[in-house]
Every structure is written in C-alpha cells, then in structure tokens.
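In what follows, a structure is listed as structure tokens, so that the remarks can point back to it.
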Amino acid sequence: VDDWRRLEDLTLSEFESVASKRVQERVWAYIQGGSGEERTLRANREAFLRRTVRPRALVDVSELDLRTPFLGHTTAAPFFVSPMAYQAEVHPDGEVGVARAARDHGILASYSTLSSNSLEDIATVSRSTPRWFQLYLQPDPLVGERLVQRAEAAEYSAVVLTVDTPVLGVRDRQTIGGFAMDSSVPIGNGGEVLPPARAPAQQGNVYRLRDEASQTWGVIDRLRSHTKLPIVVKGILSAEDARQALAHGAKGILVSNHGGRQLDGAPATLDVLPEVVTAVGKDAEVYVDGGARRGTDILIALALGARGVGIGRPVLWALAVGGADGVRRYFELLKVELATVMALAGVRSVAEIDRDVLRDPG
Amino acid sequence: VDDWRRLEDLTLSEFESVASKRVQERVWAYIQGGSGEERTLRANREAFLRRTVRPRALVDVSELDLRTPFLGHTTAAPFFVSPMAYQAEVHPDGEVGVARAARDHGILASYSTLSSNSLEDIATVSRSTPRWFQLYLQPDPLVGERLVQRAEAAEYSAVVLTVDTPVLGVRDRQTIGGFAMDSSVPIGNGGEVLPPARAPAQQGNVYRLRDEASQTWGVIDRLRSHTKLPIVVKGILSAEDARQALAHGAKGILVSNHGGRQLDGAPATLDVLPEVVTAVGKDAEVYVDGGARRGTDILIALALGARGVGIGRPVLWALAVGGADGVRRYFELLKVELATVMALAGVRSVAEIDRDVLRDPG
Amino acid sequence: VDDWRRLEDLTLSEFESVASKRVQERVWAYIQGGSGEERTLRANREAFLRRTVRPRALVDVSELDLRTPFLGHTTAAPFFVSPMAYQAEVHPDGEVGVARAARDHGILASYSTLSSNSLEDIATVSRSTPRWFQLYLQPDPLVGERLVQRAEAAEYSAVVLTVDTPVLGVRDRQTIGGFAMDSSVPIGNGGEVLPPARAPAQQGNVYRLRDEASQTWGVIDRLRSHTKLPIVVKGILSAEDARQALAHGAKGILVSNHGGRQLDGAPATLDVLPEVVTAVGKDAEVYVDGGARRGTDILIALALGARGVGIGRPVLWALAVGGADGVRRYFELLKVELATVMALAGVRSVAEIDRDVLRDPG
Amino acid sequence: VDDWRRLEDLTLSEFESVASKRVQERVWAYIQGGSGEERTLRANREAFLRRTVRPRALVDVSELDLRTPFLGHTTAAPFFVSPMAYQAEVHPDGEVGVARAARDHGILASYSTLSSNSLEDIATVSRSTPRWFQLYLQPDPLVGERLVQRAEAAEYSAVVLTVDTPVLGVRDRQTIGGFAMDSSVPIGNGGEVLPPARAPAQQGNVYRLRDEASQTWGVIDRLRSHTKLPIVVKGILSAEDARQALAHGAKGILVSNHGGRQLDGAPATLDVLPEVVTAVGKDAEVYVDGGARRGTDILIALALGARGVGIGRPVLWALAVGGADGVRRYFELLKVELATVMALAGVRSVAEIDRDVLRDPG
C-alpha cells in the first residue's frame, strides 16, 4: 500500500534515481551502460536538448488526440517500447509486466529475441494490443525462421530485424559491473537462441565473426519469404541504408544506434532522422529511438518526421521501480505530459505535428 | 535593526542564496522550478550571457535618466515586476509588500489573478503608481469579466492577458517539493477564481482540457468589449502570434515563456525578442521577461527593442529576504546598477539605447 | 632562506593559489573580483583559450630576442605591468617592490593614480627603466594636472589616461569581501587625489555622476596642453573610440575592459583587438590587457597586432607571494616561457610575430 | 596469479585509473602532464570526440583484416607505439617489456633516444617485428650519427626525427611533481646522449638555445647521408612544414604535437591531419598521434587519411599496470575493439576505411 501511494506521486524526473536503488549493481551497469566511452550515449540525449519548440497561443486545444497508427494498427500514443533484452533481470514481472502495462495503456511494445519471458507468454497477456517481435540474426538461420514463425503464430504484428549487431559493441561499463550477455542469463525463447557474438576472434592474421555477420541486404528478402508479417529494419543511421532497406521490402525503418551500445562515435539518432525521413518519403514509416525521455522529446522527433518514438531505458527504470505498476505509472505520466506539451505547442493531434512546431529544425 | 543593516549591505549577487534559507522548501521549489527538465529555464539565462555590450568612452554621462513610459504612464525605470502568484507564501508582506516597494520606487508592477492579496488591497497601497492586472482565462468567462471590472474600478492601468496556459506545464520540481497549485493555497481575489488546470484528463480515447482551453484569438476582442483598459498579451513567442495579438487590438506584447514553467523546450525569450520587435514595429509596445537578473541584462533587452523588462524570481527572492524592505533594497540596487551600466555604455537615457549598444546583436 | 628556495622552484601555474593564502580575504576579493556576474572577467580568459598557434619546425631559433620598443623606449619584453591600485594592501613592498623587479628585468610598468606609494618614490627606484603614469580623471581638473606635472617631473615616459571609469563598475565580490575603494585605503599620491566615484546618486528623477563624468574627447587635447608626455588612452573597446582617441592626439591605445571590473558584458579584449588594430594602422601603438597569463597568450596577442600585452592580476599574485622577489621570479618565468614558445613557433624576435603564427586568426 | 586474472578482466576504460595507483607521483606527473596550461593536451582528446562515424548495416564483415603496411613492413594493426622516454621509470620491464608485447602482437613500436633500455637490447627482444628509432637532435652531431648507425646496425626499419623540440616545452605539472629530465634519470643509450635543452638561457639582451636549435631543413639531408633507413619526420603541424619535409626526402610524416607537451596552444593533431594529408598526397605516408584512446579514434584518424595512429600515454598506463603483460593485454583489447568498430562501420580492412566512414569529415 505504502509503495503504491509512492508510485502515484512519482514524477518523470524521479524514475531513474529510484530505479538505481532497486536493481543489482550488475543489472544497473547493463541498463545504463553504452559502448566505448559512451560518446554516442551522451550524444543521443544532447541532440534533443539542442532543439527548441515554438509554442503557439490561443489555439483551441480543448481536445487532444494522441492516437497513432503503426503499420495499420492504431495505438494510444506515438511512443512505443523499444526492444530490450533480459527484463526479468530488472524485475520479476519481466516482459510480461511490460506487456500488461502496455496492454492497459494501448501502447505498442516490441520484445527482444532475448526476452526473459517467451514470446508466447508475452502475447497471451498482451491480447489485442499490437506488439512487435525483434529478431537478432542467428548463426543458424533455421533458428531465426522458427522464431519468426512463432511470432506470426502468436499474432505479433511485425518483425523488427536488428541490423546493427554483427557483433556486440565493446561495453566496458557492463563488463566492469559484471553483467555477461552469455548463457548464464536465461532466455525465454528457448535454449537454441543465441545472443549476438561478444567479440571477433583472432584466427591467424585476421579476426573472424560468427556466420550471421556475413549477411547482406538479401537477408530481408529471405525473411520476407518466411513470414507475412511486415518487416521493420532497426539500426539504420544513413539515407543510403534506409534506401537499401526499402529496396528489399522493409515497411518500417527504425533509426537507432542501439541506445549508444553499438558503435561508439555513431551520430545521435535525432541528428540522422531528417535525412532518413527525406530518403524514405511515403514508402515506409520511420521511427526513432535513443535519448527520448520526456513529452517534449516526442514532440520534437515527430516534428522531424518520425511516425513514432521508441522508449528504452526509461521503461526499464519504471519496471525496476514498480514492475508492471511502475510501467503503467510511467506510461500515464508520459501520455499526460505529451498531451500537455501538444496543448502548449498548439497542436491537437499527432497528425498536426510538423516542422512548424520547431523553431530551428536543424 | 541587525537585519536592516544587513539588508543595506546586500549586493545583487546575494539575494538568491539568502532567500533560499528564508522560505520553506516547498515554497522554494515553487519559486525556482521550471517545467520538464528545465531546459527553457536554463536557456533564458544563457541567452543573456551570450550577448556582449559595447562600452563607449568619454561620452558626457553626468546625468542618467532611467524614466520609461509604459502605455502612457511614466515610471522610474525600464523594468517592471512580472506577474507572480501566491506571494504571501513567500513572505507575509505578500503582494502588498511588493506594491509598497514599487510605489516608493516608482516601479511598474503587475499582479497575478492568483495574488495572495486582493487586487483592491494592492491598489490601495500602490496609490498613483501604475499597476497592471494579470488575467488567467477562467472556465466561467463571467468570473474573468468580473475580475477585469474590479481591476478597472481599482484603477489598474492595463490588463495582462496570459495566453500560454491552457494547462499548467509539468512542473516536477514543484511537485516533488510538495507545492500544489490548488485550493489549499488561498487566493486573495476570491473563492470563485481558479488557477489554470493542472493536467489534461483522459476521456475515452482523447485527453480533454477545461473549457477555457478552447478559446482562440477572439477572446481578446471579447475582453476589450468588457473594459477600456489596454490589453497586454503575455506569452507570445513568435512573430505570427504577435501579429495575431495586434490584429485583435493588443496594445502591448509581453514576450514570455512563463519563466520556463510552461512548455519545456520553448526558446529563450531574448532569442525570440528581435523577431517579435520587427513584426510589431510601432503598433504596440513590446516587453520581455525571463532570465533578466542584472543591469546589463536590462541594457541588452532594451538594445534588442524591448520597451521594458519584466523581473520575476528576483523580486520573490527580495521579498523572501526582507519583505517590502527587501524589495525596496532590490529596486534600489537594480536601478543604480542600470544607471552604472548605462554610463559605462555611453548612453544617458533609455531612449538612447539601441542596437549600437550591442557588439553582436545576434 | 627557506622561502627564497621555494620561490626558485615555483612555476607559473602556482602563483595564484599560493597568493590566495598570503593575503587577507578582503584583499583577495579586491584582486580577483570583477563587476556584475563577472562574465567579462571570464570572457577575457576564454578568448585566449579559443585561439590556436601554428608551431613551425626547423627554423634557426638559437637566438631569441624579446626586446620591444614602447613609444620609443626599448624594454626587455613585449609585456608590461598594467596599472593597478593599492599595491601596499597586497604586500608591504607595494609599487616600489614592483618597480624594483621591473627595473631589474627591464620591464615597462605603469602605475596607478591610486598607488600606495608616491609616483616619486616609484620613480626613484625605477631609475632609467621606462614607466608610465596612469591618470584617473579628477573632479577637480587641477588635481589631475598637478599629477601629470609631477609624473613629467619624475621622468615618467607616458601618461595613461583611463577613459572607461566615469563611475566604478558594480563589484559585488569586492563589496562582499569588505574592500572599500574609499578614503579608508591610503593613496600615496596625496590626500587631494580621489578614486573614481563609487555609484551614481539619485537626484530627483535622474541619477547624477561626479563632474568628471561629463568629460568628452576634448579632455585629451586639454591634457596634451599640460604635458609633453605622450598620451596612451586606456579602456578602448571599439574601432570608433580608437579613431576618436587618434583624432585627439593619442600615441597609444590600450584595449582594455579594466580586467572585467567595469562594464560586465563588455567583450573580451582579445576579441576586440583586431578591429582596433585595423582602425589604428600605423598611427599609434596598440596594446591589450585582460586575461593574459602565459607565454602563449602573449604570442597570440602580438600575432593579432598588439605591440605589447599588459599583465594585471598575475603581478599582484607574484607580489603577494614574495614581494619584489616574487615579481622578479614571475618576470623571469614569463620571459623564459615567452622565449620558449617563440622558439617552438619558429619566430626569433617579436618583430617576426605576425598573423601567420595563428592557425585561426578569428 | 591473482594479478594476472585481474589483467584478463581489465577493460580499456580502466588502465588509466589503475596505472595512477601503481607508479610514483613524480612519474605520474611526468606521464600525464602537458605544457603550459595543457590546452593542447585537452584539445587533442576533444578533437576525436567532435567527430561522428557512420555505421553501415548488412555488409559482409565476417572477416576483418587489420594488417597495415608501414614503409613496406606489414604489421598486425594500424596503430603503433609512439616514442616515449624513460620507460623503466614506469615499470622495471621498461622498453624491453613494451618490445616483447609488441613482438607478440606484431605491433610496430618506436623507441626514444632517451629510452631506459639500450636500442640494442630492445632490438634483441623485438626480433623480426619492425621497430623505429626516434632521434632527438644532439648538440654534437656526431652523437646523433652514432645513434643512427647503431639503429641501422640493430635493424631498426626507420629513423623518426623529432623536429618540434629545439627546447622542451614548459611543463609545470612535471616540475611540480618533481620529475627532472636531466642526468638524474638514466638513459640506456649511453652517457653521451643528451635530452633536449630544458629552457633558453639569458645571455645579455637575448635568450640562447643549444646548438641543435640552429638546425634547419638541411638536417634531414645530412641525416640521409648517414643512413639508408627511411626518415619519418615527427612534429609536423602544418601543410607548409609537411612540404618542406617531403622536399628534403622524408618518407613519413608524423603529425604530432608531442602529446601536448611542447607548444601549449598548438592545434589538436586530428584537426591538422587533413591539410597535411592533402599536402602530402602519395609522396609519403602520414601518421598522427595525440589523444587517440579507443578503436573509434583509430577509425576516425584513418578515415581522415592517416596510415597509422601513434599511441602514447595508454601504452605507459598498460606498462604501469602490468609490465609487458599489461601492454599485451592493452594491445589485445585495442585490436579487438578496432575489429569491432570496423565491423560496425561496415569496413573489412584498413584499406577500406575512407572519408565515407565519417558523418562530418570536418
């Protein structure tokens, strides 16, 4: 009871610090860390702080409509949960907890190949709320195919193919904290599923990666031959790669640098978003994740052309703070804040958000 | 006596830190906080620090004239008190204390709809010193009309219509500090007066705001039909909205982002000022508030075209430090500093301050 | 003896912190403080840090010549001591201590109207080393004339007329520290000499300054009629004012913002230097002070066209650290560092330093 | 054993802090310090952090080839050890320890004139791994010639001629820490070898440097007449000096500011690299050192045209942490990280790294 009252009072400013006290240090290092010196992790956040928004006064904003269609499914808001692994390490509620909260708030969520709960268990609690299945390429392509077939059977509405992880980034904070992305951390989707390779291995004069690192754009075509689900390509950071993804039939492009966990030195996603939006035009939906924390951030990303904004670490903070209840509280606060900033910016629906909302579209 | 001597010695650099020790924590959170991550709160201040001023030597500056007309009423200086609510929470002297200090120094002050003292009590102590009444749109328009009629009867010289608050910004610092802008804080202008709505409320698939959020620019025309007082529109942050305000008969435009308390991500007011000044031309007076602290700041804002500069938090700091006496000391110091920087910049009167005073007009 | 050995080991990086422990807090506040929020004080320093220098390799730099002519008098280096008041407050050696060190190192020094020692006592120890007398305009012009006549009699080689001080800047740090620039601090040049006015005084509807604040550029002509000494005008921060000074017969222009102690918000002197150099051409010598600390700073300022660089606070730090011996050690270190950076930049004499030394002349 | 396990777990983020606890304070001051205010030291690092890299997805990166030819000798990676003096002060393994690690990893290393171990002892352990001998010009040219002849006899593959040190920079941190670059620190190459001159000495009206400071570009020709080894010129920071070096027969240009230890205020090496690369074209190999710490840094420098990247302080940190074993661990981690960032950037070999890898080539 006491805890629940506390959750009711929590503001968006407090989830991170409260969460830091509720998880093990090794898990906190996993959640918070980026790769290398974490320059991309910082850049993601700073890119939002560089933009300014233009308030407009005396617009009729008595009714605010946050509903947003993602690949034909309407959800309650233009943000969604980015795929993140191992959520039972953060809180026993795990992905099933996130799914319950997402279902109750009508929020789109995506679930990792490396989820602690099985994709079927997640689907069961999600009911009719749309959900996406994230796929890491597997050394054995059959393992990947089976995952996609299960996702289709469990009525996921899209496959999010991650293309930025032929090998894991060098994540020192995580290593120092003692969180290993290996077989010691249980994966809900079955023992045959492998996390991305940890590092290249020296072999004579060269370094070698696992077989999936040899995949090129044709992998999207092959994936499409195994599923009717639309493909969202995650990890695009240039107009060139966006065009490649479209040419191979992607229906969605997720501009992402993996939360600053892969190539340290990669640009902030928000800085890349405009060139990808221009390259894609009306041929696919464009999403972005990395660094979004508040209602203003979502408004900015939408003004720069994103259909939706993926939320990563903050959902884990909320999960750490209070399991499914924590995530519910977070969704509630973020929706209310987004409705508030929309009202203050003089826009009544997500469809009305365009570049005019920004003072310096950068 | 001891305290009074201390006040005599105080410099402009010290009010904030002294004030922080003299008010309750919840009140301090209310005074200091902004919305969201407080990016706009910081931006307001930083915009002043980015400008540089050009000193001019060997100008005859033996006499310095700070007098400034506001809508036809001459005051002693080009700064004024921005409207701020609930001043009795800061010090028992409340708005009446500020009014006494403003009267003794000939400074224009504006008073909030949500003042702790009644607008009539404020008027009584103000005597012939000009004062403005700030109006928040009320869900029941009749309540607003009555407030304006009372202000006219009490010989206020203008109505400041706030247009940036269809709903309150999300003010986490204030929430965490435990200061609620609700019925628990007494309002001097009567029980029928309501603070702005705290947040949008979910209603089925949309979020709804109170009735006043549906108001558009015609509200200025309606307000003008109820009063002979000139209308100053507060909360303008774009040339477009400034033109709208003029088209509906505003006589003054107050460039303001509500001290960084409404849309977090809104631009610094000083950065917006030039485009508003250009749009308005000679059709109205333009004022600015947000982030001004020192004589140099006032000089900069005037050089960028403002007729006057609204002072917010520093007046509350001064009130916290010493009630009406604290505010008197603050006005005295700010006037002397402004006279000093004018002398050093080689300008003898506020009318002489133009863009040549700036090195990089930005 | 112990102390003397310590001084021998001191590096340029250490004078400031050592000095901070050797003077009274009120004196430290006086030395270190600027006006207002000290934005100009910070800007002076940052302007040097923004420039980069181009090293050149394999130039014959076996002999390095630092000698520099100032108004026809050759000194040992292109830096000089800027005028600073009240040096006996810093160390009993006072200006006479600085003069002994300057004499032993062949360094040009300028001495304030408000020196603790009399200008004659300073002259006596200086012997043939050139020295400048700084003049604050006095309310009674006869007082100023007599000072200049005494300086001429005592064989000073120039008069430095300060033009940026019709009133003192608002120096909060100094006020808080308790250092009053008033009659409580003895002035070596006699009781008739007045420091600049502390603040404008309200008189009815306006603020008034002392009589000298009414002086305009003609004051230079009048000064020239009373002395054969060349006039250096100190406190110029624009091409316009530099041209005025030249038109009235100035032989030197000292680009200065009074060490960030007068108009807070004034530009960094280094940023203004190029426009003044361009405006002045060959008609006068141009000097700069404010923020120079190291050999590299002097190289940069000379590359931007300064004939010489005034050193302020560091000389007081050195005086605080060890009296005349401290200043000697400082001069020695600064000369050696300047010779070193000249060698590394591939220039052999101050005459060889030009814009090519800079990578980005800004 | 315990220590060894620890070394196995160490990440690139930890070497610096671990090292700081394993060496004497005076040695730490020597390793870490720069000249003057260390502005160039900081600039070197910041220049890398300003660049961003473009990840490319779905490139076949299953095999990553880091091999890099330096002046015709193929090594295992595009980074090398920059010359650094006195390595036995850091760890008893000294340069011989670094040489063992470099040999085991196929990494090019360069060794200072001022090495603690003799160049012959270094050569013995290096075996067939290429190594470079760094030469400081000596006051007696015969001493330098003999060093070069010994290096040629010991099968070094190039001479690195340092041209930025006619005198040592003013290194306050080192002085304060008590590390003297004088005869108290043993030099492995024999008692006749001298470190660079510490400071210019006053002689009458000028400052003088030792004889070698009079050398100009012809010194390269003379050096070439004494050895068949190719000459790499170290300390170039402008296109002009690069052209001079080429004109006198240099085969390699090392863009270096001596790790921020010589001219404080010199530009970041990474900022200068592009103009040198353009000036040099295909006439020589261009290398860069200063500030590179991580795999991303190496990728950036190569993308800007460097053939190889010199690593300085991090090698000393690794040596301090664990002697030869520490350096082995460091090389292993840096190679794996470089292979990882290459994979994530979609490049398979160092030859494939070009400007397209950068988002903003600056």
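Letters are used for the chains, namely A, B, C and D, taken in the order the chains are written, and counting of residues starts over at 1 for each.
Definition applied: contacts are C-beta pairs under 8 Å (C-beta built on N, C-alpha and C of every residue); 3 or more make two chains touch, one makes a residue touch a chain.
Note that the structure is a prediction, hence the values are computed from the model and not measured.
Peer 1: So chain B and chain C are the same sequence; what rotation in degrees superposes their CA atoms, nearest 5?
Peer 2: The C-alpha superposition of chain B onto chain C needs 90 degrees.
Peer 1: Indicate whether more than half of the residue numbers at the chain A-chain D interface occur in both copies; give same if so and different if not.
Peer 2: different
Peer 1: Between chain A and chain B, what distance separates the C-alpha centroids? Give it in angstrom.
Peer 2: 42
Peer 1: Roughly how far is chain A from chain C, centre to centre by C-alpha average, rounded to an integer in Å?
Peer 2: Centres of chain A and chain C (C-alpha means) sit 59 Å apart.
Peer 1: On chain C, where are the residues touching two or more other chains?
Peer 2: As it turns out, chain C has no residue touching two or more other chains.
Peer 1: Touch graph of the chains shown: is it line, ring, star, complete or other?
Peer 2: If you draw each chain as a dot and join those that touch, you get a single closed ring.
Peer 1: Looking at the complex, which residues from chain C come into contact with chain D?
Peer 2: 9, 11-14, 49, 51-67, 76, 293-296, 299-300, 335-337, 339-341, 343-345, 359
Peer 1: Going by the contact rule set out above, which residues of chain C touch chain B in the complex?
Peer 2: 36-37, 39, 43, 163-164, 166-170, 172-173, 175-176, 199-200, 202, 205-211, 213-217, 219, 233, 235-238, 240-241, 244, 257, 262-267
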